[in-house]
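Scroll down for the structure; my scribbles are underneath it.
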Amino acid sequence: MNKKLKIAILTSGGDAPGMNAAIRAIVLACNRYNYDCIGVYHGYNGLINADIAKLKIEAVNNIIQQGGTLLKSARCPELRTKTGVQQAINTLIKEQIDALIVIGGDGSFTGLLAIAEQWRGQVIGLPGTIDNDLDGTDYTIGFATAINTAIEAIDKIRDTANAFDRVFIVELMGRNSGHIAFNVGVACAAEQIISFENFHPSQAEDKLAELAEEIYAEQKSKDNSYLVVLAENLWPGGAMHLAEQLKEQFNIDCAACVLGHIQRGGSPVAKDRILATKLGVGAVQAIKVGKSLLMLGERDNEIVEVALSETIKHSKTVNENLVAAQQNILALTARSN
Amino acid sequence: MNKKLKIAILTSGGDAPGMNAAIRAIVLACNRYNYDCIGVYHGYNGLINADIAKLKIEAVNNIIQQGGTLLKSARCPELRTKTGVQQAINTLIKEQIDALIVIGGDGSFTGLLAIAEQWRGQVIGLPGTIDNDLDGTDYTIGFATAINTAIEAIDKIRDTANAFDRVFIVELMGRNSGHIAFNVGVACAAEQIISFENFHPSQAEDKLAELAEEIYAEQKSKDNSYLVVLAENLWPGGAMHLAEQLKEQFNIDCAACVLGHIQRGGSPVAKDRILATKLGVGAVQAIKVGKSLLMLGERDNEIVEVALSETIKHSKTVNENLVAAQQNILALTARSN
Amino acid sequence: MNKKLKIAILTSGGDAPGMNAAIRAIVLACNRYNYDCIGVYHGYNGLINADIAKLKIEAVNNIIQQGGTLLKSARCPELRTKTGVQQAINTLIKEQIDALIVIGGDGSFTGLLAIAEQWRGQVIGLPGTIDNDLDGTDYTIGFATAINTAIEAIDKIRDTANAFDRVFIVELMGRNSGHIAFNVGVACAAEQIISFENFHPSQAEDKLAELAEEIYAEQKSKDNSYLVVLAENLWPGGAMHLAEQLKEQFNIDCAACVLGHIQRGGSPVAKDRILATKLGVGAVQAIKVGKSLLMLGERDNEIVEVALSETIKHSKTVNENLVAAQQNILALTARSN
Amino acid sequence: MNKKLKIAILTSGGDAPGMNAAIRAIVLACNRYNYDCIGVYHGYNGLINADIAKLKIEAVNNIIQQGGTLLKSARCPELRTKTGVQQAINTLIKEQIDALIVIGGDGSFTGLLAIAEQWRGQVIGLPGTIDNDLDGTDYTIGFATAINTAIEAIDKIRDTANAFDRVFIVELMGRNSGHIAFNVGVACAAEQIISFENFHPSQAEDKLAELAEEIYAEQKSKDNSYLVVLAENLWPGGAMHLAEQLKEQFNIDCAACVLGHIQRGGSPVAKDRILATKLGVGAVQAIKVGKSLLMLGERDNEIVEVALSETIKHSKTVNENLVAAQQNILALTARSN
């Protein structure tokens, strides 16, 4: 246990607010145990190209509040090839790295497992993605910030929607999961949430008619805006197309907004800073006691260890009670007005 | 001067943050002079449909900080017809309105002039539009908030752009003027601003090649993101198309974001609250001394009166020195790296 | 179960962001089940003075994003008297209220239990306080917003602290618990957290010397600011006095900031809106099935029911692992620089 | 004109948001003209101690959005001595500096003039202070951000004030001028503004009685909060004392908040970024054509040059029309309720 370890870190896949907070915690924990901490730049590309540098404590000063990632991120198709994996391992060996911590999502963990198959070092994953779709952790680093960014944006949209009693379709990120869309929809009092939890693209025709009918009813009965929150990669053609369909088929004037990449950036909220700090410290402590092939996550407010191989098997689903409350109470109430 | 006046207010056209602050100031000033203040709802439609109500002081409590407009806004095609104008005037006469204050943009002022041609009451316009394109005032109510909303959004986009050293095209509002795009571009240190001040659609082909060349040069020489701020209604096909062109013709990976309606909403910044308050008070004072057919604006930090008919003749241009500084110093510097 | 119930709501004690979201959820859920929903104004005073009104659905439109409480809050010393309790009960009986939901903290729940002793109606408490000090729930409504407000403020203070490499003492709310101070301290990378978890006032003298020594060491070794986060009601004399002590006894120039009431207000973050919505819906559902004398809370991400009498017995403590990580890893690291 | 110049920059006095934007603009403009740009650290101390370094373009990447100052700031009592001035000049001579740009307030400019008396180089001042009290410019760098930070904070305080219908005294920065207090007071719809424009400490006794009377009247007539905005360094004993006086002498329950240093930090708003950029470019251009002993400012939306010696003679006053509107219309209205 007293060996002086050399720990490398990289961030991979879509960046998420709080990645810097995790890097800081890892660097501080390494410093505490007198370990060397090596930063790998541009995701796995930095391993393949030996784009690395020692991370001193000064480098992580005042980054807990910064979005993005100081180590940069990137997609890395080369890591899906044998050659790429071998090159990455060569760097790890040449640099005498004892352990590798990867902050990213399921794609990043698949890459990490490929490396682990042929490398004797310890590997630890930390869940870093705004999509919150990783199984084995209640929250991923970046999710809390992303939904807050989205609700602040939608609160602004609501102002102008109210001024015109207008229908707005707002499309949110989330890749193939509805965590962002569903939570933001509830938090913004959306009149409709169209997300993976309550909609399948095969139902688009019926849903369109139902939506139009409801909008008519709402707008006849009262002055008000009508907000539809839509998960990305779900409605055929996306928000823009849905808005056009409502206009063309039902003569409903509506505006579409695709919130886009603002959801990835910004200073992390408290939740992401604290989660990232706990997980970063935990990762170094896990390495210290010889652990490997784990993702550290948070479940029921406690840090948990999950086999990396488990995290990439399924996507996590949105809390059922929240979905039920929305569908049975909040949405029905809206309809009954 | 001592007659008890009855003053009506409406907000028209695209809503802008600070409209509520102007309404509040008008209501308070009316109260000060013991005038009646009548709110007209849904823009000119409220005049046509007699959708009006007395505005008490309690109604404007705690609205200085709210986006949108409590009087609602709307487009009103009927006002472009003789019948529509006559109906609006009928309401004004029937309700014994002495003066009408309209908060809006040039379209709203055109409507106001149409009413004024046949109505004996006083009419005053206040510049309320995020686009800042009204001649006769340095700033319109809502502009300062809109550019701050945009820079906060782009700061977030910059985080993720930096993480990937990626090219982003961000399209901003502004209708047919570049006030928003140009000011936001400077404030966000955009590597490129494509706005009405420095680009005409006929130059698209050349600009595309120049842009690609510059992006290549930038990305070869250093790790960094490259941000293009684009005015709406300018590039053929918009930001999405520009991003596709860069990908298809020059193999440059880039992302496009259309910021959209978030730029219209949100709590007004100090500048808009103060400007709206000064103009609202000024409007009632102008009516008090018998003035009419004026827009009140701010020039050189003083409240000014401009003939309404003048304000709709030209659009205002962006400050030349700022354009020159950007083109000669800031942009050239970027290119020389 | 099919009886048409009449449910009253009040907010009591210090207001917390998200109280409006809870009110909205209760009103919507009542609407769903066709129950009457009665708003009681100014906390328990509204019961004593019969200051109540039916809450229609329109009243809760667009309040999910508003801080404060539309029902107003207040302290109510009269409720600690027999007469006061009796007057409150008289109103409940006269108005034929079937159930009373109180959103507040432990003081509010004590009052609710006093009423319940002599009133046959159902009583449900929802945890609404920024302090997060209620046992039986992981989070109270308002806590997440309060810590985010605090970190945004401290991030600004850090800017100016960094510019001057200066020592700042920032005092945070929390009443007699360290949830706010400790979480904010971790999230802001405070060099020191002085909170109930790691400090007792009897240690003030020693702590002062230790703090001074550490500040000397830090400032000798590097350019940097030094941030002390301090829980309120802990250091003898508070932040101002601590700053004076450091100046007078150790000649350390430092500034003190007492963040104060900004921590109570503001638009609730997503977490508080969603938590409040779930708990509000849950409260009406609990009443529907005949439950009473419960607080609804969230534990391990699920809604739980806790006996009201239990919630007021102990204060909840801050997560031990977080405290340990801070003390053993993060703080020691700082010291070793 | 074609000589390759060497330009030094320093930031001095209280830091202000936008200082980094000014530094960036200076560095970019130097790059454009192929000048060397030298950063001086910790204000004038950096000149005295030769704590300087060349500023490369990479150093100012992504700082336009950062509060604080990357060059650090500091008070520098040594510069008030002959020896200090001589040491500063020695560094300038030894390093072959041609021109010195100082971003700061009137104290900083006094120091700059002391240097200029005995040094042959060019000196330019840029107005950088949140207080906006420099004569010769309509706005100083940092003022717009400071008032926006203050209104966001007060909007939160208003939430909790409204919940309790409570009186709040909020003390704002501004040194010996009321620019911040008065503008923020108007923008937050403060029921009372106590600032240099409308109050002298000798009137404290009368004002206290008047204030108490008005609060009684307000609170009798309606449910509402009552917000007093107070300039710092004005009321004897400050906000805390005023609150105590209201409690003790008039039995009015009120809370006091001293906003403090949050007003200095934070990401600059658009206005400050753009102003700083224009002034930074302008400073280098002025040096290029041989100018010296000037402050660059903005008047009537144009960049202007003012003799440095003039800027320190008087403080600038708050716009009279705004003061008149507040006193005659807005405040009287409040009183008439």
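Note that the chains are named A, B, C and D in the order they appear, and that numbering of residues resets to 1 at the start of each chain.
Here, contacts are C-beta pairs under 8 Å (C-beta built on N, C-alpha and C of every residue); 3 or more make two chains touch, one makes a residue touch a chain.
Remember, predicted model here, so these are calculated numbers, not experimental data.
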Third chains touching both subunit D and subunit B:
none
In terms of touching chains, how many steps apart are subunit B and subunit C, taking the shortest path?
2
Mind checking the centre-to-centre distance between subunit C and subunit D? Centres are C-alpha means, answer in whole Å.
34
Measuring from the mean C-alpha position of subunit A to the mean C-alpha position of subunit C, what distance in angstrom results?
28
Subunit A to subunit D: how many Å between their CA centres?
39
Where subunit D touches two or more other chains at once, the residues are 155, 158, 162
If we use the touch criterion from the header, which chain pairs count as touching?
A-B, A-C, B-D, C-D
Spell out the residues on subunit B that touch subunit D in their complex, using ranges where they run on.
24-25, 28-29, 31-32, 57-58, 61-62, 64-65, 138, 144, 147-148, 151-152, 155, 158, 162, 183-184, 186-189, 222, 224, 267, 269-271, 273-274, 277-278, 281-282, 284-285, 299-303, 319, 321-322, 325, 328-330, 332-334, 336-337
Would you pull the subunit A residues touching subunit B in the complex into a rising list?
11, 14-15, 17, 42, 66-69, 72-74, 149, 153, 155-165, 168, 223, 255, 257-258, 260-266
